[in-house]
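Labels A, B and C are assigned to the chains in the order they are written; within every chain, residues are numbered from 1.
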Amino acid sequence: MTAAAPRTVRSLLLLAPLLVFLLAFFVWPLFSMMSQSVSDTAVLRLLPRSAEVLAGWDRTSPPTLPMQQALMEDLRAVDDDQALGDMVRRLNSARSGFRTLMGKTTSALGDTDNPPADLVSIDKRWGKPEFWLAIADALSPLTDRNLLAALDLGRNAAGEIEHLPADQSVNSVILVRTFWIAALVTFFCAAIGYPYAIIAASLSGWKRDLMLAAVLLPLWTSLLVRTAAWFILLQEQGLINDLLRWLHLIDAPLPLIFNRTGVIIAMTHVLLPFMVLPIYSVLITIPKNLMPAAASLGAPPLRAFLRVLLPLSLRGVASGGLLVFISAIGYYITPALIGGPGDQMISSIIAFYATGSANWGMAGALGVVLLVATLLLYSVYARLSADEPGRR
Amino acid sequence: MDPRVKPEDDESEVCVRRRASFRQPAEVMEYPLAEFIRFDRITKFYGSLCVVENLDLGIGKGEFVSLLGPSGSGKTTLLMMLAGFEQPTSGAILLDGAAINAVPTHKRDMGVVFQSYALFPHMTVGENVAFPLQMRGLGKAEIAGRVKRALDMVQLSALSERRPSQLSGGQQQRVALARALVFEPRVVLMDEPLGALDKQLREQMQLDIRDLHRRLGLTIVFVTHDQSEALTMSDRVAVFNKGRIEQIGTPRQVYDEPATRFVAEFIGETNLVEGVVEAVEGAEATVRLSSGARIVSAVSAPVASGQPVYLSIRPERVDLSETRGEARNVLETEVADFVYQGDHLRVQLQNDAHPLIAKLGRRSREFPPGTKVYAAFSAGDCRVIAP
Amino acid sequence: MPMKLAKTAFATLTILFLVAPLIAILPLAFTSSVILTYPVPSWSMRWFHELFFADAWRRAIVNSLIVGTGTTVLATALGTAASLGLRNRVVLFRGAVRTLFLLPMVVPAVVLGVGMQVLLARFGLTNSYMGVIIAHTVVAVPFVVVSVTGALAGIDERVELAAESLGAAPATVFRRVTLPLAMPGVLSGSVLAFATSLDEVVLTLFVAGPNQRTLARQMFSSIRENISPAIAAAAFLFIAATLLIGLAVVLSRSVLAKRR
């Protein structure tokens, strides 16, 4: 159809700007983050010549003179102290002792009066293969260290994957905590949101409008404002504690902020609309006479709910649950402001590694974990919402 | 003493008088059915709107009663109250002598067939029909047997594994029927169940339901706005208007002997002619029309001389002739229009005082417009109705 | 009936839970004391004063307006064009492209922020308004796409075909028929884009330099470091701004509807 071609061209031209924009500023950053998680150029950057020479080494025979000369040349050429520090740190984490070894070596190389002939003369350790092995391994541009570390795994001396010792295993703790908090929030959202949606769907007129407006209003309000509101309310001298004391329900103020309780309350409040709206939209498609029909057939209210309403609304509950869970695991602001140090979720750790300690490798690796989890859950969610039962 | 009113049921004179208002004058109905359902002074308000007003109705065991009326007349509301979906504002509903106002729906043991069938979309046909039996805790084998029998009864056994969305409207309706009958309820309530079906299917279902009623001896309360449907299926028809029952009687009674203008106009087609009562003699009254003509007519309810009334004359009861003839009631009139309707001829008549419509059988001769004719009918073909 | 009472109680409590926090903090914007507690000793506008005249806050408001406007313009332009392009069924991988357009809503902002910071550095866009606008646009554009595709889906294609048959060139059809009919969607999309930009904290943490601190970013720091009723005043401003814009959209939609 020749008439369709210019239309298609036009459509493509309309799509192109956003497509290019997102590829550049959305997909590329994600890729760059993912590549950072596996990239490891701290050593390669500074030792190009050694890399070439070491490529021919068999990893068992003692270090040859060309190897030592290449390394000396590279080290002399280094002018960036920061990069050198990165390299040393990297090598040291692979094999301890590098810090002192490198320090000794670089100062000896800097001595122009007495240039050493080879490295072994500076320090005997250069004669042994172990340190050279560490350099050779560190020269590879790719590494799985970060990804493994993100899951609290590491490679031992033999190269096998094993669990890191307990004092280094913070990431899995945080991952578990993140999923646990998200699960709790999802549970509370369902426990409050499902009945709320059922009641709203069964009403009509101003009452239903009121219930829906109450759900939509927080959605329209900024997340920051809502979190700030909870920050103010949950204080020890805050409104909630004051109210509870005024009602004589408690004597001393409850600790509601900077702990798990506060985080759960605030996140539940923020994410509740995401649970209510999908469930509600499924409920209103259910014919209104089904529950009366079930009653007329002898079903008491609870059995009618379990046999009729629940199966028909399950899709909405699953959608809402997934939406809440996906949002919750990625949350940064609310746990950061309302939570205590023991409540930080994975996003805080990613931010810490990125902006705090400039460990882009770890930031990227944890980001990959979070991204993969999010995308997997989202694909389930998309499947669920697209899977409409066929209606005549 | 009305044979319908058993001595022990006769609580007070007021009740008798009230029941008497439903009594038909001339014939004594063969009406031995024990009363099973009773609506006693039922009133229902929605906010300030009165939808059912001080209503009394008794339904016998095994009887098929239609609640007939236009939308908003209260008939569906009454059914909903019987099922337990709504509560009357005042008054009592009695089942087999016991008040059931406080009994929740799921304990009332009534089968309900809804207007839009209300089949469970997430269950198969078989599961839908099995549902009430599961609620009653029957064993799996017994449930399977009963479901099969119920589906056989509506000729749908082959479709028991299908989902409702895969069935046609008529099939869904039959599943709804099977589901409402499978647990052998005491009463079956139907809320305009045939409204969504096409004409032929509807008429077939009407006969099928009537057949089921006769075979199983069910007590059925049937809501409809279609008067021909009510007349086809019912033992008795209760005609509703604005929350009250205007008349209750057998199909023949509500058709031939309408008690009020509303009933006369709602059921079938009728000619309503204004007049004033001149004299009353037993079951007949002489009414003088504005044209001066005098008509002798049967009376449904007592009237007094001088009372302005309506005369209801069914069009098919009017004979036309060019000669005066011997009939008791004759009106001089002229043919205004003459239409062939396939199974009858429709004649529009006009004289100075009032228009008339006559329906003639297809064997009658044709009367071209302009012909002067005499419209004749007997006293029994005509009814006096108080306005 | 106890059931009805339980239902009403539950619904009421939940409504309170949803709405009360927002309403509870608003009066605190007018408190005269330096601490954020009730009872309010006396009423005063000092915190609004601070908001508009204290350097940090004032700059933050200005920055938010600049970034917000830029984001709205960019997101609306890109998103509307893309939605129009998506109408064509012949486009290859239409479903995949549409999913891509919606993904920024799903991906956690921290993950995006980490990648963006590096990328913008490479382009030399750190510490610039452009960088922040780009970042905000990425997360705002899905709202525009959803809104505009929704509005476009409601347009009967035959109206456009009729215009073509009456002699209108494609550009004219778009200008005189499609765009006016899609305008409600475009408007709500742009409002959502602005609201998203206003509210964006996490990305801003990564890409904004000290001179591009938006109101949200300022509020975030303030809560963490230096809590004062200025926060409540800022919150009040947020809510007022969102409501005003929402009202403006509703009004403009009804005006558009009347003209039709």
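Simple rule for what comes next: a contact is a pair of C-beta atoms (placed from the backbone, for glycine too) under 8 Å apart; a residue touches a chain by one contact, two chains touch by 3 or more.
What you see is a predicted model; the values in this text were computed from it and never measured.
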Query raised in the report: What chain pair has the highest count of contacting C-beta pairs?
Result: A-C
Report summary line: Most remote chain w.r.t. Chain C, using mean C-alpha positions, is B
Query raised in the report: Which chain, with its centre taken as the mean C-alpha position, is closest to the global C-alpha centre?
Result: C
Query raised in the report: Just how far, in Å, is the C-alpha centre of chain C from the one of chain B?
Result: 61
Query - Gap in Å, rounded to a whole number, between the CA centres of chain B and chain A - result: 70
Report summary line: Between the Cα centroids of chain A and chain C the separation in whole angstrom comes to 24
Query raised in the report: When you check chain A against every other chain, which residues touch at least two of them?
Result: 301
Query - Junction residues of chain B, two or more chains touched - result: none
Query raised in the report: In the complex of these two chains, what residues of chain A are touching chain B?
Result: 287, 289-290, 292-301, 303-304, 307-308, 311-312, 389-392
Report summary line: Listed in rising order, chain B residues that touch chain A in their complex are 83-85, 104-112, 114-116, 118, 120-122, 131-132, 135-136, 165-166, 179-180, 183, 189
Report task. Would you tell me which residues of chain C are touching chain A in their complex? Result -> 3, 7, 10-11, 14-15, 17-19, 21-22, 24-25, 28, 35-38, 77-79, 81-82, 84-88, 90-91, 97, 99-101, 103-104, 106-119, 134-135, 137-138, 141, 145, 170, 195, 198-199, 201-202, 205-206, 216, 219-220, 223-224, 227, 231-232, 235, 238-239, 242, 246
Requested in this report: Spell out the residues on chain A that touch chain C in their complex, using ranges where they run on.
Outcome: 4, 7-8, 10-19, 21-22, 25-33, 36, 192, 195-196, 199-200, 210-211, 214-215, 217-218, 220-233, 235, 237-239, 242, 269, 272-273, 301, 326, 329-333, 336-337, 347, 350-351, 354-355, 360, 363-364, 367, 370-371, 374-375, 378, 382
